[in-house]
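Across the two complexes that follow, chain A remains constant while its partner is chain B and subsequently chain C.
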Partner chain A sequence: MKVTIKNLTKKFASRDKNGEPVIAVNNLTAEFESGKLIALLGPSGCGKSTMLNMLSGILPVTSGKIYFDDTDVTDLTPDKREVGLVFQNYALYPHMTVLQNICFPLKIKKVPKDERIARAKKIARMVHIDEYLNRLPKELSGGQQQRVAIARALVKNPKLLLLDEPLSNLDAKLRLEMREEIRRIQRESGVTTVFVTHDQEEATSISDYIVLMKLGVMQQFSATRDIYNNPANLFVADFIGNPTINQLHGEYTSSGFKPDGTDEIIPIKADVAEGTRTILAARAESVTFNKGENGISAKVNDMYSSGKDWLLNIDIGNNNLRGYCDADYELIPEEIIKVQFKDKGVFLFDEKSGERYC
Partner chain B sequence: MKKISAGRIITYVLLAIGGFIMVFPFIWMLISSLKTWAECGSMPPTWWPHNPTLENYIYAFKTAPFLKYFRNSVIVTIVCTAATMFNTILCAFTFSRLKFPGRDIIFSLMVSLMMIPYEMLIITNYTTIVKMGLYDTLVALIIPFTSSIFYTYILRNFFLSIPDSLYYSARVDGASDWQYLWEVMVPIAKPSLVTIGLLDALACWNSFMWSILVVGSVDNRTLPFGLFAFTDQAGVRFERLMAGSSIVVIPVIILFLFCRKQIVTGVSKGGMKG
Partner chain C sequence: MTEKKKRVRTYKDTDEKITAKSLIKPFLFSLPFMVGLIIFTVYPFIKAVLLSFMENYRFLSGKFTGYGLGNYQAIIADPNFINALKSTTKYVLIVVPISMALSLLIAVGLNSVKKLQGLFQTVYFLPLVTSSTAIGMIFRWLYDYDYGLFNYFIGLFGIDRIHWLADVRFTMASICIYGIWSMLPFTIILLLAGLQNIDPVYYTAARADGAKSRDIFFNITIPLLMPTIILTSIVNMMSAFKVYDSLFVLYGGKPGPAFNLYTVIYYLYDMFWNKNKLGNAAASAMVLFVIIAVFTLLQNLISKKTNYYK
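Entry: the complex of A and B
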């Protein structure tokens, strides 16, 4: 099912420190394609959970519209929306067994008992929880409870599956396993799924599309690959990617970008007035080093490992940056080397507004 | 073999003495009710009756309609408790889950009613019942006791401790507020509800002052009132009085034996929440 969100706004009655009403979601418009996995991503307080709660119907909207396919569901209560919801704490009914938990939505719908159990067992097999049908939630591990919660959300064949921080209560290893599980279950069931996360790695690893939010405003909505390769502004470039994108402060000149603290120029073309304060942002993999003559001079500080890769920490003028280097690179501290930037993964932003120039 | 320490022995001896002191009056009541008049008054008292007899019970049932009293007590207790439970559950749900303007103020006002002593309400309740034309009916025994602010307060606090996500989860699963209450909240609150129900049933069963005020005829008496009347009918015949008392007390003791576990855990849980 396709989800269309038009000018969605949520204001809360509480006020911020300036006495203004808190705007949790501000005039957000987006369209989620059917059968895709969409991540609502952003730092805490960006309104992503508010978005999810408005999609489920738990929170009423202040203004704007939500459509499921062509049906306006803005004013429907949660029980009428046919969505499945998995909470961060799973919210399993503690007095019911796994089977009863999964059957609950069908019981409410008055599905006959035999059919109810058959459907619940089918879903339980899909999420690999069928061995534990007679256990109580408290007798399950976190990952198993998570699977039960997903099964309960899926058993009524919802049009939309919503997951609120589905992985944050799990330990690191299980988190990796479960996020692939979520991807698999989503693919198998084919249900349009929206999940909330503050972890950019989680979002980029499994989602088809990412909605990146900051302080209630959508910063970018695009395919997961594009959000990394083509960030809309400095905030997006900074939020997505690990290691964090390098940022060089400096000035735009007719021949290129001049970082602070050096007279050398990095050649880059953009439609900006000369003398504008800008930030050159470069992914670690877009920075290359050579001991020859080509590129801008930099001073080597240190070298360290991030698992299989090695990162070199260098200074260009007053700016510090990191780039990937060969594992057999011979480190000589304070050595002056040359740095070049690839075309891909290098962007120019306005220093103040974060607006992208190129 | 497990070694038994001196401290443990002392503990058990003290507990045994305490237990005996608590239980002795009941045992003595039962023993006396089986004695003849002569033996009951004899000095020194005998432990076990020489000629155990059920005569006193037969007399009690003949002089006073204990079966009718018993029936009345059962009706009043069941209806009162059921109504109280129902109202308490709905009220606790309203004041914990539903949102409406003035909710907390209204609830504080209700809780402040607990400060009015029961004795002060008796007069107003009495005039109300008489004006409603319900004097000397079983309904008069039931109507004033179909809700309890105290139990509502306890249950509301328990409901508040149930996470919001469970409510939203049930709503998304398609449940209405009403279904959520009965399918999720009430089952989770079962231990608290059993405790509340038992305490309320005991209070109804033992209710004495109110029934003596609003009931006149023999037909509408409950057991405590009946027993009170029986003390006149039995006169100084102690053994008969003890038989009457046993009839009143034994059902409650049986109820307690069956539900002992729930009462104890429920009370200790409620106590911790304060």
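Entry: the complex of A and C
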């Protein structure tokens, strides 16, 4: 099922520190293709849960429209929307067994008992919890509880599956496992899925598309690969990627970018007025080092072994940045080397607004 | 993942070890209360147990002929005692479920009105802190044949006036209405506390699962409130088995107009005070004690079963 969101806005009665009403989601427009996994990504408090709850119908919208395929569902209650929702803390009904939990949405729909048990068992097999059907939630591990929550959300064959930070309560190892599980379950069921997370790595590893939000405003909506290679603004470039993208403050000149604290220039072409304060952002893997004459001079601060590479920490003028180089490269701290930037993974942003120039 | 039981006993929530030394302070703090408890509860209790087995006990001389089951045989053979047991049980079976159902309705209603909750909770606590004599006076007025509110109310439906307190057919009803009413505040407060302990995320989850308010009430609220409902029912049952003071205030010390509201405690009082049969009084107290103890055990068992969280 395709999901279309038009100018969606949610205001809360509560006030922010300036006395303005909190706008948790601000005029958001997007279209989610059928059968895809979309990650809703952003720092804490940016409105991800609010967005998800509006999609599920738990929270009424302030303005804007939501369409499932071509049906306007904006004013429909949750039971009429056919969505499955998985909560951050799973919210399994503590007094029901695993089987009863999974059956509950069907019981509400008055599906005959035999049929609902058969359907519940089928879903339970799919998420690999069929061994625990008679246990209470308190007798399950976090990962198992999460599978039950997913099963409960999937059992009514929802047209849209919504997951609110489903992995945040799990330990690091289980998180990686469950990430792949969710991906597998989503592929197998083919249901359009919206996955909320504040972890950019989780988002990029699991999703087809990413919606990146900041303070209720959508910053970028694009295919997962593109958001890394083609960030819309400085916030996106900074939020996505590990290690965090390098940022050099400086000035745009006719011959390129001049970092603060040096007279050397990094050649880059953009449609900006000369003298504009800008930030050159470069992914660590787009920075190359040599001991020859090509590039801008930099001073080595430190280096850390990361297995096959060195992670280098260097200074260019007043700016600090990081990059990788071969492990057999001989370097000593305080040494001056040359740095070059590749075309890919290097962007120029306005220092104030974060707007992208190139 | 079952963890092996630790050998060292520790205090709840801390890892401090329990030692003789660490017990001194809490022991001292609880000492004054303990002394009172021993003097006024434990000692009389033991005495009463012994008394119930002493045959032909003389209050003034303190003499008795020996230990035995004579007192028990006597009360079981006494139709008054059997009647008292019957009418007390009837009272319990009427008052406890009805007051529970009413309290549940009121508590759920109150819980959804967020605004005036504090005020409501105070109002509902009032009967608990008002003297039972004053309440008894008010109820006698409410039940009044000529001017009472109850007769006025049923008059609205065209029903004839009732001699609430004098007509033998209605005395059970009047005492039950009073009993139900006086049970409400305590029950509502406990149920409200129970309701507020239910994580609202379950309601949201149920809504997302497509449940309507009715489904949520029966599938989520009631089961999750069950531990509180059971606890409160049992506490109410215990207090209902001890029904006595309401009789006293409504009928001025008599167990109903034709002695038809003769309850177990009234029997005890009667045996002790009017008939001077201390052994019989003690034996009837023991019977009541066993009944209440059974309910307490039952409550312990059930509350372990309905603990869904740990």
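The working rule: the second predicted complex is superposed on the first by the 353 of 358 C-alpha atoms of A that agree within 3 Å, B and C clash if a C-alpha of one lies under 4 Å from a C-alpha of the other, contacts with A are read in each partner's own complex, and residues count from 1 in each chain.
Criterion: a residue touches a chain if its C-beta (ideal position, glycine included) is under 8 Å from a C-beta of that chain, and two chains touch if they have at least 3 such contacts.
Small disclaimer: the values here were computed from a predicted structure and weren't measured.
Student: State whether chain B and chain C clash or fit side by side on chain A once the two structures are superposed.
Tutor: clash
Student: Quick one: classify A:F87 as touching chain B (first), chain C (second), both or neither.
Tutor: So A:F87 meets both chain B and chain C here.
Student: Could you say whether A:K17 touches chain B, chain C, both of them, or neither, answering first, second, both or neither?
Tutor: In the superposition, A:K17 contacts neither chain B nor chain C.
Student: Given the touch rule stated above, what does A:P78 touch, chain B (first), chain C (second), both, or neither?
Tutor: Once the two structures are laid over each other on A, A:P78 reaches both partners.
Student: Counting only touches as set out at the top, which of chain B and chain C does A:K138 meet: first, second, both, neither?
Tutor: second
Student: Identify the overlap between the chain B-contacting and the chain C-contacting residues of chain A.
Tutor: 56-58, 77-79, 83-85, 87, 89, 91, 93-96, 104-105, 107-109, 152, 156
Student: Mind listing the chain A positions that touch chain C in their complex?
Tutor: Residues in contact with chain C: 56-58, 77-79, 83-85, 87, 89, 91, 93-96, 104-105, 107-109, 136-138, 141, 152, 156.
Student: Could you please specify the touching residues of chain C with respect to chain A in the complex?
Tutor: 1, 199, 201-202, 204-212, 215, 219-220, 223-224, 226, 306, 308-310
Student: Please name which positions on chain B make contact with chain A in the complex.
Tutor: 163, 165-166, 168-176, 179, 183-184, 187-188, 190
Student: Quick check: in the complex, which residue numbers of chain A touch chain B?
Tutor: By the definition above, chain A touches chain B via 56-58, 77-79, 81, 83-85, 87-89, 91, 93-96, 104-105, 107-109, 152-153, 156.
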